[in-house]
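In the two complexes below, chain A is the common chain; its partner is chain B in one and chain C in the other.
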Partner chain A sequence: MASSTDTTRFAQFKLVLLGESAVGKSSIVHRFVKNTFDNFRESTIGAAFLTQTITLPESKTTIKFEIWDTAGQERYKSLAPMYYRNAHAALCVYDITNPSSFTKAQDWIKELKKQAPEGIVICLVGNKLDLSEERQVDEQEVLQYVQELNHQENNVLWAECSAKSGEGVLDIFNKIGRALPVEEVINGASSRARQVGSRKPGVDLARQAHSPQNSGCC
Partner chain B sequence: MTAKTKRRVLGTVQQAPTTANGSTKLPIQSGEHPLPVPQPVMTSPSPIAHTGPDSLICPICNEKMISVNQLNQHIDDVHLGDSNSDSPPPPTAMPTTPQKLDSPGVLDKIIKRNTTPTKKIINLDLFEGSKTFSLSDSNGRDANSMSPTLHQKPRVSRTHWVQPSGNNTCSMAGCSKQLNVKNGIVNCRRCGKLFCNSHTDFKVKLRNPNPGESIPQYDKDGIWSKCCEECFFHKPDIVAGTAVNAVDLTSSFRQLRQTRQEENQLIIDKTVKKFIKLVNLLTEFYITSQHHREAPRTGLSSFFQTSTLDESLLIEKQREIVGYENWQDQNLVQYCYICLTKFGFLLRKHHCRLCGQVVCDDKFSERQECSLLVPLPMILSKLTHLNYSVQVKTHFDEVLHSHDDLFSVRMCKNCKDSLLYDYKLKILNEQHDPKLQELFSYYNQLFVVKEKIHHQMAKYRREMDAVTKSKSNAALESTNRFKDRVMGSFREFERILTEFKTIYFVQNSVSPQFQKYGRILKGINQSLILFLQESLMEFKDLNNRLKQTENEAMPKQPEVEIPRLTKKQIRELRESLMVMNEQKFIIEKLINDVTKQRKFDELQPLLNNKLEITTEIDRLESELGEFGFS
Partner chain C sequence: MTSLNKVERRKSVAERSPSVSYTPDVIPHLAGLEKPQAHSLLLDECDVLIMGTGLVESILAASLSWQGVDVLHIDNKTCYGDSNSTLTIEQIKSWCQEVNGGKIQHFEDAQVYVSGELSLPTSKYKSKDYGIDLTPKVMFAQSDLLSLLVKSRVYKYLEFQSLSNFHIFENDSFAAKFSNPTSKEEIFTDQSLSLVTKRYLMKFLKFVLQDNNDEDKRQVLTENAKVPIEEFLKKKFNLEKSQINELVYSIGLATKESSKTPEALARIRRYLTSFNVYGNFPVLVSKYGGPGEISQGFCRSAAVGGSTYKLNTTLVDYDPSQKVAKFSDKSSVRINEKLVVSPTQIPKFLQTSYNEITEALPMKNINRLVVVVKKDCKEWMSNSESSAVVVFPPHSLPSDNSKGIQALVQNGGSGVCPDGHSIWYLTSFEQDKAKAKLDLQSALDKMEAAILRESSNNLDDVLGEEDFVISERGTPVVVNSVKLGKSLQNFVPKEKLEIICKLGYVQQTYVANDLSNVLNPTKDNNVTLRKPKDCGEIIFTNMPSAEISYDGIVSECKTLYSSITGADDDFFDVDFEDEDDTFDGAGFHQQPQTVSTIKANALTDDENAIASSDEDDHNEPFGANEMEL
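Entry: the complex of A and B
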């Protein structure tokens, strides 16, 4: 019913957050999803799942992000491929006060280019903008890096934000939303998207029958 | 009175059965017992220990016994100590069965009997084996606390015994059993040390120590006593019996052999000297006879025919050479000294011209030929380099080729053998030369390699021991290299051995053309094979040890290749699997929450993710295979 008409379109996208541990991935997600910030957030275990919807007014599109917030610790490294494997967007987060985290983010980008599906929207995010006095990762440097990447026909976005203050967080997701191939997904380019799209209108009773089963087994 | 009854022994009657009316009948019928019949003092029925041949009851505690021996043992063991107690528990009513006292066996066993009603002792000496009656009244020994047996049976002193102190172990080397009631606490009667039951199974005869001796001594007339293994094997006769009887006779044998050889050599020398003289003599005769008579070809006949004087002179000379004292008087000899046959009409006597003994020459019988008329040239041709006279040497060729009968000499078998001993030895050596030389060269080669392997093996063993201790990589490496060297030696050995075998052997048996050397070949072959087997076995063993040590020393290296996955891989895979399982749990929890919160739009990605995780887990588990957690 909400197919390719002029009315608000709806698209669902899978988004994964990558980056070194303690750069603020979860904080960004929480700022984005719940608009909260916890000074003493515990480190993520495995991968957390959250959803948030944004609306792009210019294209009258509602985009729902299925956000997979992966743990940055080395231990959970093996989880990441599973989440970025069929993700539409990836946030490579680094801490602007920590150069090594930027290196790590670069590594992630490399890995994504190798392993992730083509057309994935990669966004390099420098977090902890509130600590810009202690900045150690130079903006210019990053910009240069991003430009270099984009020269090689990579679609890499770059943004800086502060999960603490909330500065720039929403912008990032808006940016991504605009970069995402909304049309394709809606037009049913990918079977998965179509499936997701068909999910929206009604409630599938059969699914409900499955769910308790799943929950019951734990 | 019953209370005072004290018996030791045999469940047979030791007291006359008393009937209910109080009269005691002694069922001993034979008059051989001059024992005073015990008076029936008591009115209560006296205990009867014997209920029949099959069932015996201890007269003191009423315990049932199977055999007389057992009862005796039981009394010894259980009731010996309370011999002083005034009142042993009075036996309760017992079936008074007719006593079997009339059986002579039982009667015989009754040795001692106390006539007084207060103390009655019947001592049946079963174990001493004495069949004679020894009657003694133990009345007078009331004060003595010892059991009657102590007086009856001499006992070896116990003063040297080690007293058990709560926590003893068997003194037997390698036993270390705790000494308790179960294992037994037994003193060796000789050394006095404490042992368990199983290590005092030996018995020796001992006597009490004389003054100055601390422990009982072995004595053939002593008492059989328990002892430990050590004391048993120190028994004088056993010591004598097991003493090493071997005597090294090598030196005396060597001496004997030496003298024998010298004697032989002496005989050979003597014979050779005599032979030389004989040759000289005969040559002189031969030449002179030739010159004088001009009859070169018919030597003997002409010689014998023409001049008996010459003949007698010749014999005289021969006697001289042999020595008059050696020249046997043929009238005194009746038997051939070699074959011991009696001489007779048909069996002529001959003098050996070398030793002078009288021998026969019976070449027609089955007996061996004791003497022969040997043509001298035959021997001369074999012994060309003896120290002959100048005359012989100058005419040597002539003499050698003469077929004159004159030039023959009778010699006995023994003399011939000793004369040709050196020659035969030489021939024997020469004969084998060409082929044997080759054979021996092979043997030498093999022997050298064999020695080499032997030394290398010893070194390998030493290095192996060192490596097992140190386990250092450098040592391992050098040992490995050395192993290769030993291997090389073995290969060389094998090569020569195969060569050797292909030449001399046809399918594991000596090839026909070398049958002559069969024995030596077989010997060499056998020894080599034995050597190879033994060394290879050890070599293999050492190699295994080396490998083992190597594996222990460097466990990583071999495992890199052997297992499908490296340790690192396994660790990583396991880690991933663990993470995946955690994640699955998280997701499942999320699904649960989402379902509860009815956020069904979020459910789908989670379910998808769960599916993904599950497949991932399956993949990891299958990859890990046997290295997985389960």
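Entry: the complex of A and C
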């Protein structure tokens, strides 16, 4: 994670999506990626995860999000431990027109407390702001809930957005970016932000040290 | 019997998404993203039902999904991995109860001890800080599963670490004679070897690395097809027992004496061709857990490809005439094609069929002993590494083990336990279960004595008079280590090894130790190819093999894939890299277009080579062609 120049710094973070089915988890991410890239292709087929970068001008930092979608595995409570592992941030999404989805989002926050690394930045996100006339989740109620959580030494952010119109989407990621332990990661002290085990450089399977004798065929 | 051939299936993902550059004029509407497809929420039919999320089943699910097959993948457990799970200590405890209650077929005799320290509220360590693999494995750098991980991009969900230290126990001492070599030639630069011996070793190395199609080599292999490897190495290359042991058990990871020469050479070759592919080491381990972790990766890939996942779900009933499956959550789903069933997840009504199918097959016992200790064992590992392999050749232990014992050691650096701790996975290939237990304990005693000695900080302390006392058992514990040498053989450590968890169990499998019935499966030797009489849509999978590497896994997947789709020519026929190229310009997936792209093409070619020819190929599971000789 070296910075490319003296002035701009770079850090990468894993962000996971959570929330009930049909609240618009994927569409928020797709809107986030699409707003920046106009030739975005809808399908994410084959992509291990989506990536998108933002720049925080005040700290001259470029942040790359590695965004993990649930791929439907949340539907029958079948998310693997791998999903939460080393996650730095989580979007807990609910639908402001659907009170039960807000209850579910609270369950997911509890689940995060159990499964995710300590210090994970959680952003509770109310989606479908474009349908605010049909709002059934009261903003005051959510605010109170978030404040209670943060009294218990949590680090929970809250935002509302519309994936459909794009309103508020980029703000969410900027907010998260500012809450992330950028300094720690850049200074190589990322171990504290991550889970057990000391950091040792891994082997990138896409980079062979020497081409095997047989691969010159192409 | 119908099979899902290409024409009947809906278009595969590769077909549906053209790999040519594609930029829509208008940004696509988000329909379908705001409301998930009704199909996946109201699941009422699927093409294939897979029961059990073990490694083979998970790769199968991903391979089918990416070719457009609708897969419903369930598991009767609340976690992924089935017989390949990576479990926390709490999960291990309940797993043992289930095993001993007879609830998990093909596992038995589970014994577990967990230190009381772990249950103290003040304890620094929690159950979930540990990830214990039920089938620990290492991955050769040149292997078909590794190629598949790259090709399928599943490697992006995982982290891999190198493992270069292989220790061998002989003459009551541990030695790592070829740790940290920087080239194949350096593997044998042990200073104690004579020049003549070195020359013979080099000659042997050259022979092993020679192309298998070389006529001279072929002839030698044919001539020695039935000759035990020990005899071959002695006669043909004048090697002595010590080098033979290293070659056969440490480099070759053989499990028994007198392996046939071609098979043993294939195993040695596997190590040598894997060396220097990614660096100066032959094998890799996946972080946070082995097969259990890789299973999760392929399940995620399958989910991205469209598979539906339901854990904690069992098949309650299946009506073959209506093809309707009923599940424990009261749902019912029509299964259009096949049901793939892991042996640990067989519903009651299929048990008789399974028993009939397996009746005549020879069954193997795999005896395991897993010990979590409060030592990082870094003495056994390279500086930058967190794992090591320790092997005990036959007849090397006081218990006079007739089969070899292999041990994988991993510490906190590999994410499977807290820093300062390590997990020792010992496997015995002895078929007599009582004898296997003795052998495992004997090996454990040796490892314990060695690590206590080697990790002693102060040599003066070690040499102190009080250290030379008789042990509690009334006999001096004779140990040695490569570091401290023979002068300390009677050392009795003051310190006792602190054990966090100790777990023993026996696993059964119908897979042969040499993987022959997986690499060359027939109706007579492999569970998967034996169809139940009354229900042709049922396919059983195998229990995991005893093999310490991942060899054989991809072959099993292809056998299953062919049983379902009729052929394996489109097994993972996907090219994600092309899509990456498309996105590269937009900076979407900022994957460097260097090695991975080149390699992906090479791998495609390799895959074809495996499927279509019997040429020698590095990516073949070991011994695939040698063993035919």
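Assume the second predicted complex is superposed on the first by the 164 of 218 C-alpha atoms of A that agree within 3 Å, B and C clash if a C-alpha of one lies under 4 Å from a C-alpha of the other, contacts with A are read in each partner's own complex, and residues count from 1 in each chain.
One rule holds in what follows: contacts are C-beta pairs under 8 Å (C-beta built on N, C-alpha and C of every residue); 3 or more make two chains touch, one makes a residue touch a chain.
Since this is a predicted model, take the numbers as computed values, not measurements.
By the touch criterion defined above, A:159 lies against neither chain B nor chain C after alignment on the C-alpha atoms of chain A. In the superposition on chain A, contact is made by A:75 with both chain B and chain C. Of the two partner chains, both chain B and chain C are touched by A:49.
By the document's definition of touching, neither partner reaches A:15: not chain B, not chain C. Counting the residues of chain A that each partner touches, chain B and chain C differ, and the larger count belongs to C. Shared contact residues of chain A, touching chain B in one structure and chain C in the other: 45-49, 51, 64, 75-76, 78, 82-83, 85, 195-196, 200, 203, 207-208, 210, 212, 214-215, 217-218. Residues 572, 575-576, 579-580, 582-583, 585-592, 595-596, 599-607, 609-610, 612-613, 616 of chain B touch chain A in their complex. Every residue of chain C that touches chain A in the complex is listed here, in rising order: 13, 16-17, 22-24, 27-28, 30, 33-36, 40-41, 79-80, 129, 142, 146, 149-150, 153-157, 159-162, 273, 276-279, 284, 287-288, 293, 296-297, 299-300, 303-305, 308-313, 384-386, 412-415, 417-419, 574, 576, 579, 582-583, 586-591, 594-596, 598-599, 601-602, 605-606, 617-618.
Residues of chain A that touch chain B in their complex: 14, 45-49, 51, 64, 66, 68, 75-76, 78-79, 82-83, 85, 195-196, 199-200, 203-204, 207-208, 210-212, 214-215, 217-218.
Contacts from chain A toward chain C in the complex involve residues 21-22, 24, 26-27, 30-31, 33-34, 37-49, 51, 64, 69, 71-73, 75-78, 80-83, 85, 163-164, 195-198, 200-203, 205-210, 212-215, 217-218.
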